[in-house]
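A single structure is presented below for examination.
Every chain is named by a letter (A, B and C) in the order it is written, and numbering of its residues begins at 1.
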Amino acid sequence: MTRYLAGRLLASLVTLWAVVTVVFFLLRVAPGGPFDGERRLTPEVEANLRAAYHLDEPLLDQYGRYLGMLLRGDLGPSFRSKDFTVGELIAGGLPVSLTIGGLALALAAGLGVAAGTGAALARDGPRDRWLTFAATAGLAFPPIVVAPLLVLIFAVVLGWLPAGGFTTPAHVVLPAVALALPYLAAFTRLARGSVVQTLALPHVRTAIAKGLPTRRVVVRHVLPTALIPVVSFLGPAAAALLAGSMVIEEVFSLPGLGRYFVQGALNRDYTLVMGTVVVYATAILAFNLAVDLLYTRLDPRIRLGRTRLGE
Amino acid sequence: MPLLLVVFFFLVCVGVGGGGGGVGGPPPPDARVLRIGNGGEPETLDPHRYNLRLEETILNDLFVGLTTFDAHGNIVPGAAERWSVSDDGLTWTFELRAEGKWSDGHPVTARDFVYAFRRLLDPRTAASLAHFMYPIANAAAVNAGEQPPEALGVRAPSERTVVVDLERPFPFFAERLIYPTGYPVPAHAIERLGDRWVKPGRMVSNGAFVLEDWQPHAHIDLRPNPHFHDIDSVALSGVRYLPTADSYAAFNRYRAGEIDAIGDFPSGEMDWVREHLADHLRLTPLVSIMYLVFNVTKPPFDDARVREALGIAIDRELLTGRVMQSDEVPSPSLVPPMVPGYTSAVTVVETRGQRLERARRLLAEAGYGSDNPLDVTLRYISGVESKRVQVAISAMWKDIGVVTTLHHTELKSHFADLRQGDFEVAQAGWFGENNPEHYLNLLVSDTGDVNYGRFASAAFDALMDRAHAQADLGRRLELLREAESVGLAEHPVTPLYAVTIRGLVNPRIGGWHANPRNVHGARYLYWK
Amino acid sequence: MKELLRDAVLGSAWTRASFVTLCAVVAFALLVPAASPWALDDVDWNAIDQAPTAAHWFGTDGAGRDLLTRTWSGGRVSLSIALLATAVSVLIGVPYGAVAGLLGGRVDQAMMRVVDALYALPFVLFVILLVVVFGRNPYLLFVALGAVSWLDLARIVRGQTLAVRQEAYIDAARALGAGRARIVLRHVLPNVSGPALVYATLTIPGVILAESFISFLGLGIQEPDASWGVLISDGARAMQTSWWQLVFPAGVLAVTLLSCNVLGDRLRDALDRRDTVVPRTTVAGDGAPSGS
């Protein structure tokens, strides 16, 4: 167990290092500098700025300096937000993104498993058909369409919920729902398929044949097995949720990491982009590690210490 | 039924997911607070390091310079109660108010101004807009590190007198001083706190408001400064600036009642706004000029005939009337039409038909025709608005047989490329001061890289040089007018129109007067 | 394999309808821009921001351009990017999976560990950075999208290859002195191509979605060209006044995605019934997981 954990942890750290390295050098070949603005800078001023941020050093020295800073937990100063460090910015943005993303994932997985189980139990009946159709259709309406519509209906026309910002719990509802919808559809389909397969297993059939109540069969025999693929999808879903969360944070003016990343990338704020990538990658790798542990718990067939690739 | 279980599972998930966050914002502001959509996130609130218009808006509320503007945008006394200029136009003497105080109660003295100007031009400050103060004697040399900051032409002969010596006559200096680059900074606070002096809770300022809170990408809160010299006239109990980068999101939040004033909304919603929010709509022509710039170092744009053909094929009235639809002011002159005291000699007299005819002829003379069409790459800044304009322009060029490739990049990369001369034809814009020089300087050959097209005309430069040496305003304007005619005859740029700011302002807000600078100091605003 | 595909496509009314819809979408994308009296960059000065009329069936956009033409030429762009990105993902994923499957053992383990690690990475970050760094052009976009969508394919192909490798006839071929290349060409590839094709098809909606996200953030296709993502993002910013600018492109995108998903589900189900290789999930873009 310890060896397995250590191995996984090491692999995650190597992945993180690879991500940092690729992004660092990618950003340095980008055209344009972080100090271009709508008003001009004189060459002297630009030279002063470059020296202040160590941009005049050789690339490898800068890289070494950055890795050293990372090891000390320092993400450096932001090139563009001159009054804040990247660490301060991210400390503000991360809770926002975690709240919205976590809530969306929970919403999608929770309701998805519920709907999927419901559909599977009524397999090929009208309820199953409608749920399956709704889930398939749900995938066809991405957040770029749904989010502006939700704002228009619930914030502007009905005035029930705020249109943007992040100050009260009510501000969380629309973004989380808009972000969750496609994944809700995805989890529903996944759960339905998985439950249908599990229902066909001999021990479940036996349990049903014995006349046990449906609820008990589902809780005791179906879900423990059927949830395995659902759990294993949580990791990739969290990674994929990112793309949507950038759109969502833009539409709802949320002060989250996605906005820092997009704005940072557009403004060539090297240190801010690096910081968000590091935090994103760390969060997602950690989440995957947690999911993996959960997965090994759930599925007794998987022996710890061995890869689960032999499936 | 598995329903119970399902609900339980869902609650568990929500509990787990919701545990990650928990950012509790401050309670909703009270009714006398004004919430303004500011169009983006400031990069800094240090008046010497700022670079963006949206930072200027906030800084205007936090600080007051020697001069300032009133509710109508006119230049009025600020920290100085009066000033005088010597006959040769080179020495400006300012008398500070006796009651001027910093927000911590320290008096604002002439030494604060001397400290501030030296700090701005000290190369170690790396002030990105230091060149705003280059009219001051020795400023450029100090900023380049060739002379010590003490060599700067700013003196404090007494506690309340600031004397500024200029390099050359500059009749618009009082206007130049309303920008944050001319603001005083609290020497006593900066010496104690260093770069951290701008943090909320620590920042000391001398304007009508002080910085109370700054949550990046969420909001910036200001509250009235009890030591401000005119605090009795300040009606608002606070201002909250929101970094509304996306104009559609800002529009929605305005309509949902979450913001009281926004400076921009999507032009596609103009008809709806005119119908439903007519008393909220504020269309303000901004003193500014949008133009196309040609890179005269890149063939075929080194050929004035090609530049002229492309320029005259554009129908400005069609652009502003049909495409933009927000009352933009078409302008064949590089100087915005609302600049006072200046009448440009550059006008359009031909009909559209005649112009297209002549454009085709010019292109033919330059060697282009239907069998050999001119290929142009037109660069513009990303955004719905500028896209509409550039699409319309390329359609107009199609009429004279020109094939246009459109290429858009983000604002910052756009201007970076322009400054490096990496373009053929590009959209550009210039705004700021309400005087002709501010715009015509763009075409002077030694202006540097904001002369994006690298235009160089000895005749134009000579006329501009004579104007810059002239202390008499009337004669100065006459020389500028002559210079513009000479310069634009070579078509280095095609001026298009002055921008109109499409704002929405809650009708219950008083003191919001349209003005060409589009400045609305919060100290002048009140709830009706 | 042929029968499998035929049964899957024509098996039910839903899949038949989806198949016909997809064919219609492709046909419209090919034909409408060619047949339309308006080019995609023609401006109708008298009909700026106009609701649908007899002259402009889908209305016009804020610059006065015909939306019917733009919607379907946007379809050309979106579909081409999807197809080309998928081709890129096949070019990477199939050899990768085949090599892993053929070599087996430690190499296979190491290669699949890399795939596992990549699954967990937020690829959209890389696509956005690539687009920002190297400028916006459609070629880069599809290469970048393809380069991040090959993971599922690699998995499937590896599984198939492993299965085929264990078949008796491969041993027989080897015994007869057939070289490795010959075995791959004659025996492995034909068996792997069917499932690879199905999973490649399933990549398409994910890529269309990913492109639309990137376009929404303002990093996509350049004017005057359009993609569905560009049109929707413009339309979403004008939907209050000009509903048609959102409804038509979004409707066409939704119908296309829906048909792709219905068809993809059926193909996957058919495939899963045929053999036992159960893939994990797809994460391309906004990826839909497989209901295995």
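Keep in mind that, in the parts below, a contact is a pair of C-beta atoms (placed from the backbone, for glycine too) under 8 Å apart; a residue touches a chain by one contact, two chains touch by 3 or more.
Computed from a prediction, not measured in an experiment: that's the story for all the values here.
A complete topology is adopted by the chain contact network, contact being made between every pair of chains.
More C-beta pairs touch across one of B-C and A-B than the other; that pair is A-B.
Averaging Cα coordinates per chain places subunit A and subunit C 22 Å apart. The distance from the centre of subunit B to the centre of subunit C, each centre being the mean of the chain's C-alpha atoms, comes to 44 Å.
Averaging Cα coordinates per chain places subunit A and subunit B 38 Å apart. Residue numbers of subunit A whose C-beta contacts span two or more other chains: 31, 148, 152, 250, 266. For subunit B, the set of residues touching two or more other chains reads 248, 410.
Shared contact sites, meaning residues of subunit C that touch two or more other chains, fall at 135, 236-237, 240. Residues 11, 15, 19, 22-23, 26-27, 29-31, 136-137, 139-142, 144-145, 148-149, 152, 182, 185-187, 189-190, 192-194, 197, 229, 232-233, 235-237, 239-240, 242-244, 246-247, 250, 261-262, 265-266, 273, 277, 280-281, 284-285, 288, 307, 309, 311 of subunit A touch subunit C in their complex.
By the touch criterion stated above, subunit B contacts subunit A in their complex at residues 1-7, 9-14, 16-23, 25-26, 28, 41, 43-46, 49, 51-53, 123-124, 126-131, 143-145, 198-199, 214-219, 242-246, 248-250, 252-253, 255-258, 410-413, 415-417, 419, 448-450. Listed in rising order, the residues of subunit B touching subunit C in the complex are 247-248, 266-272, 318, 322-323, 325, 382-384, 387-388, 390-392, 394-395, 398, 406-410.
Those residues of subunit A that touch subunit B in the shared complex are 31-33, 35-42, 44-45, 48-49, 52, 80-84, 88-89, 92-93, 95-96, 98-100, 102-107, 109-111, 113-114, 117-118, 121, 148, 151-152, 155-156, 159, 162-168, 172, 214-215, 218-219, 223, 250-253, 255-256, 259-260, 263, 266-268.
Residues 109, 112-113, 116-117, 119-126, 128-130, 132-133, 135, 205, 209-210, 212-213, 216-217, 229, 232-233, 236-237, 239-240, 246, 250, 253-255, 257-258, 261-262, 265, 278, 280-281, 283, 285-292 of subunit C are the ones touching subunit A in the complex.
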